[in-house]
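Take a look at the structures below.
Each of the two complexes below includes chain A, the first together with chain B, the second together with chain C.
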Partner chain A sequence: MLIDEKITRKIATLAKIDLSEQEIKEYTKDLNNILKWMEELKEVDVSNIKPVTSITENKLYERDDISHAIYVEQEKVLLNAPDKVGDYFTVPKVIE
Partner chain B sequence: MMSEYNAKKIKSANDEWEIIIGLEVHAQIITNLKLFSNGAAEFRKEANHKLDLLDIGLPGTLPVINRMAVDQAIKTGLALNATINKRSIFDRKNYFYPDLPLGYQISQFKDPIVSEGFINIDISDSKTKTIKIERLHLEQDAGKSLHDQSPDKTFIDYNRAGVALMEIVSYPDLSDWEEAGNYLTKLRSILRFVNTCDGNMEEGSLRCDANVSVRKPNEPLGTRCEIKNLNSIKNLMKAIEYEATRQVTVLEGGNKIIQETRLFDTNSGKTKTMRSKEEAHDYRYFPDPDLLPLELTDKRIEDISKTLPELPDDLKIRLLNQYGLSAYDARVISSDQGTTEYFEVLSNNRDAKQAANWIITNLFGKLNDSGKSIKDSPIDAKELGKLLDLINKQIISNKIAKEVFEEMFTSGKSAATIIEKKGLKQISNTDEIEGIVDKIISSNEKQKKQYQSGNTKVLGWFVGQVMKETKGQANPSVVNKVIIDKLKK
Partner chain C sequence: MTNIMNADIKNIIKAIANKEYSVEELVNDFIKKIDKLDKFNLVSEKLYDEAILQAKKADAKKKEDRLPLEGIPIAVKDIFCTEGNKTSASSNILKNFKAPYESTVTQSLKNAGAIIICKTNMDEFAMGSASDTCNLGNVINPWTKDFSKPLTPGGSSGGSAGIMAASGACFSLGTDTGGSIRQPASFCGVVGIKPTYGRCSRFGIIAFASSLDQAGPFTKNVEDGALALTHMVSYDKKDSTTSMEKMPDLFKNLKNGVRGLKIGIPKQYDIEGIPSEIKDLWNKGKKILEKLGAEIIDISLPHTKYALPTYYIIAPAEASANLARYDGVKYGYRSKNKFEDLNEMYCKTRGEGFGKEVKRRLLIGTYVLSSGYYDAYYLHAQKVRRRIIEDFDNAFNKIDLILTPTAPSDAFMIGEKTEDPISMYLNDIFTVPSSLAGLPALSLPGAMSDNGRPLGLQLIGNTFCEDLLLRGAYAIEQEICFKNEPPLGNL
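Up next, the complex of A and B:
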């Protein structure tokens, strides 16, 4: 087994997802299946091939740093905030 | 014989501990717009203002890189004597925090835009030390959380979210808190020279974290702690001194250092645990599929290298050679472009050492007291130059000049106006001085005899009397000469 339940729990915690005991078993199985396919890919010799970061021939497009911001009105920015006070988005207190 | 430079160590009853420090500096890049959006990069009071939809992480938005931010990173890399990598990759650094709207920070992990540079720091008047720089990479800043606005809520302002940052990481080449302070001062000065970051630590456009560990000489590296929240060079130095001493106390007490992140408390001057390694983040970096690799041409790098100004190290050497300044004066003047410009105007056709001395001793004192920078100085270099000319032509004494200088600083009036209005002109007229000296000698026969019987110390007393009589306006060298002549008779 490449992935045990402990790893599944850790991944769930990092992704902030609550999983039931049943789901942990299912996802552990699913993740293992996925990784097994990946293991097959490992058999290909890629020692002389550069990693592919993109499959297109495009170059990264760069924007000009124009002098004025193109922005959305503040009212609209805050429109969908689940919770806000004045000009601020608010969340339950984050204690460091 | 030249004294050997030694870095500071933490001394205990039986041992001397070495300190090993590396610094991570976050510098906000001077641009109009953010790194990947058209939102405003400038600092503004109104919260959540001038934002692009990407800045609040709305679905359907995509990052497009700002060319200026890339150019600024290249320029900085060149100024740090570093390699500009012609291909670099943007990665996602994943973590959840309310001030990070995307749920990940776009950063560069494996392939940064700049690597392997160095900075020279002055560790004495004649010695420099090279501090190697591991990397400089581009990344997004986070928003700002305010925890003190309400008892049960955290307020979030996304104005800063997505602003372009350079993270500049040094190798652990720094050996004590003074070197660390020196390094940060020099780095800030370079960033300001190339105009890629304003270097304002109080406003947070330049931030610093320190990795600190201790060891006995010739032993392997100790476990390190990372200190955060260092918002001034003074606090950086204080925090390192405290942290190194704390680690020695822990180790000598037979305990182990736990690798952790610590926060510097500016009120107590102590560092305290922020999070331990068990809670340490697992960032799961991977290349951001929204962004292609950043590829740079030789021409682009070359064109930018042509825009580099004279940098502090070269400038310092020029000041030493061209003006014959002392190492100390050259270092102080060359640390800031504004000061250099001021100095070069002031010293034009004048004594350069006198010019440097007036800037460092008098002008800096007044600027510090009033919290002004040299660019906002109420006395510009030309006006101060006129004051120096009056001293050198012996129209006023050095002492009176300092008085006039004070008034120039407060009122903004010219030296000539102040001297005229207050009648402060130096009396160099020998006839006038002779009259005063005659009067004083004739009414002080006792002191005259003392001098004539060999007590030359009385001379100073006579000079003092003349100065008192003339309210300090008599030319001291003329006074001296006249008194000696008269007393000998």
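Up next, the complex of A and C:
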């Protein structure tokens, strides 16, 4: 066993995903199978090999340091808010 | 023209220009067609009102003001943000999300005159190979004969591939991360093209794995594919990974044949257990190319077998970062259950909002990036990825194109592989290596399986050589003359 339920619980906490007991059991099994399958990568000799950081790593261009962000009206953005008050998104209280 | 919906795009454009058909008539014909396809669950949202409005505008235009794709109805995978429309990537966490802006690719197509007629269903966040993780239910392949045993259209772009098989649009859009255009194209008997990484802007496409995601078209034939792709690619200041490399003219040499081209046949793709009908199709492809004057060369891509596990480390790792944004604060679903604090709100929202496969991949991704495991999994996988890229670099020193099957099977029954994630992942065995290397590749229909389902051939090209890729595909297509159509009866 590469991972047990305790580790699955820890990963779920890191990923901020609430899982049921049933899900913890299932994912522990799945993850073990998948990670076992990945073990074969250890056969590959990667000494002196640089990790890939980007597929376009040789083709990056210089550009002017200006933003090309698009402008979206505040109202339009707020339309998608699951909960809001006036022009603000609301969340549960974080400061006591 | 008796059945304009089955015509090539260039002939549809001609028919509209000659006023044999109005754009409004064309759009209405497609609307009627799409409505008849409801039972296949291909469509996430119908955009008919807007499409008819655009059609009327197109019809009112003077001849000289007409755009190159004026009035051409298209279907768009629900992963592309289209302003003002629901865009949910088939996930409950984005169920009611209305995109406040437009993706660069769909904007380019709109600027060229295309009309979006509907959005299509897919695997949730493009994570899947059977379009069976969609929040609106399973997508069904129009090649299904017996509805008690529905076939998958493949995935993740299953809705877009299926709608082309059923002639429900002039072309459709998909995205391909590890095979999500090519495998469904194979299963549905249509052409599906994944261009070189960096050709199409990813701006406004809901991100899955940013170093792999690429947009591409589904079409009825290769020439339509060349036309669609021409209007999709661009350098985009809003996506720094797009390329400034000029797209070659895809039509210039399209019909020049393959005489003198060197075609690589990678021995590692001849895997144990692949059905003989797929090997036969592969041989048929080789023979056609040989007959047309191409030189067939055996090549070796020694790290092929490591591509899948490498992909299933890198893609989930990138996904776990990309999908961190779904927190129930600014948009999308927020848990309706009671929560004590912000952290609990995040956890419940994500636990309830994401589907089973997405959660599985987020857990894998989080694990391989977590402290203590990063070097052993993620960093190692990125090194193996370089080995895979080097394999292709070496091969392309000697050859022009690579020929392989697209998928290791024909369309399977929905639910057949759902319980075993690894057997589902193996669907992408022939498509993932070129994805990891960012290479352009396509699938074109090659034959029918013994079960009466389409099988695709895959061509892989060198970086930025889409012209050669399409030229090879066109030559094969003319010889194969794939004329089979799904059993839609009177639809």
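Rule of thumb we're sticking to: the second predicted complex is superposed on the first by the 78 of 96 C-alpha atoms of A that agree within 3 Å, B and C clash if a C-alpha of one lies under 4 Å from a C-alpha of the other, contacts with A are read in each partner's own complex, and residues count from 1 in each chain.
By our rule, a residue touches a chain if its C-beta (ideal position, glycine included) is under 8 Å from a C-beta of that chain, and two chains touch if they have at least 3 such contacts.
Predicted, not measured: the structure shown is a model, and the values here were computed from it.
Contact with chain B, but none with chain C, is seen for A:D87 once the two complexes are overlaid on the shared chain. Of the two partner chains placed by superposition, only chain C is touched by A:T8; chain B is not.
Set against each other, chain B and chain C differ in how many residues of chain A they touch, and the higher count belongs to C. In the superposition on chain A, A:N33 makes contact with chain C only, while chain B stays out of contact range. Within the superposed three-chain model, A:Q74 lies in touch with chain B and out of touch with chain C [touch as defined at top].
Of the two partner chains placed by the overlay, only chain B lies in contact with A:E62; chain C stays clear of it. In the superposition on chain A, contact is made by A:D18 with chain C only, not with chain B.
By the touch criterion defined above, A:V52 reaches chain C but does not reach chain B. Chain A uses residues 14, 16, 53-54, 56, 59-61, 63, 68-70, 72, 77, 83, 89, 91-94 to touch chain B in one structure and chain C in the other. Touching chain B in their complex are the following residues of chain A: 10, 14, 16, 53-54, 56, 58-72, 74, 77-78, 83, 85-96.
Chain contact summary for the complex, chain A toward chain C: residues 3, 7-8, 11-19, 23, 27, 30-31, 33-35, 37-38, 40-44, 46, 49-56, 59-61, 63, 68-70, 72-73, 76-77, 79-83, 89, 91-94.
Those residues of chain B that touch chain A in the complex are listed here as 31-33, 38-40, 46-53, 56, 64-70, 89, 94, 96-98, 145-147, 149-158, 274, 282, 284, 287, 291-295. Listing the residues of chain C that touch chain A in their complex gives 96-98, 100-101, 197-198, 211, 237-238, 240-241, 243-245, 303, 305-306, 309-310, 312-313, 320, 324, 327-334, 339-348, 350-352, 354, 359-360, 362-367, 370, 377, 379-387, 389, 421-422, 437-438.
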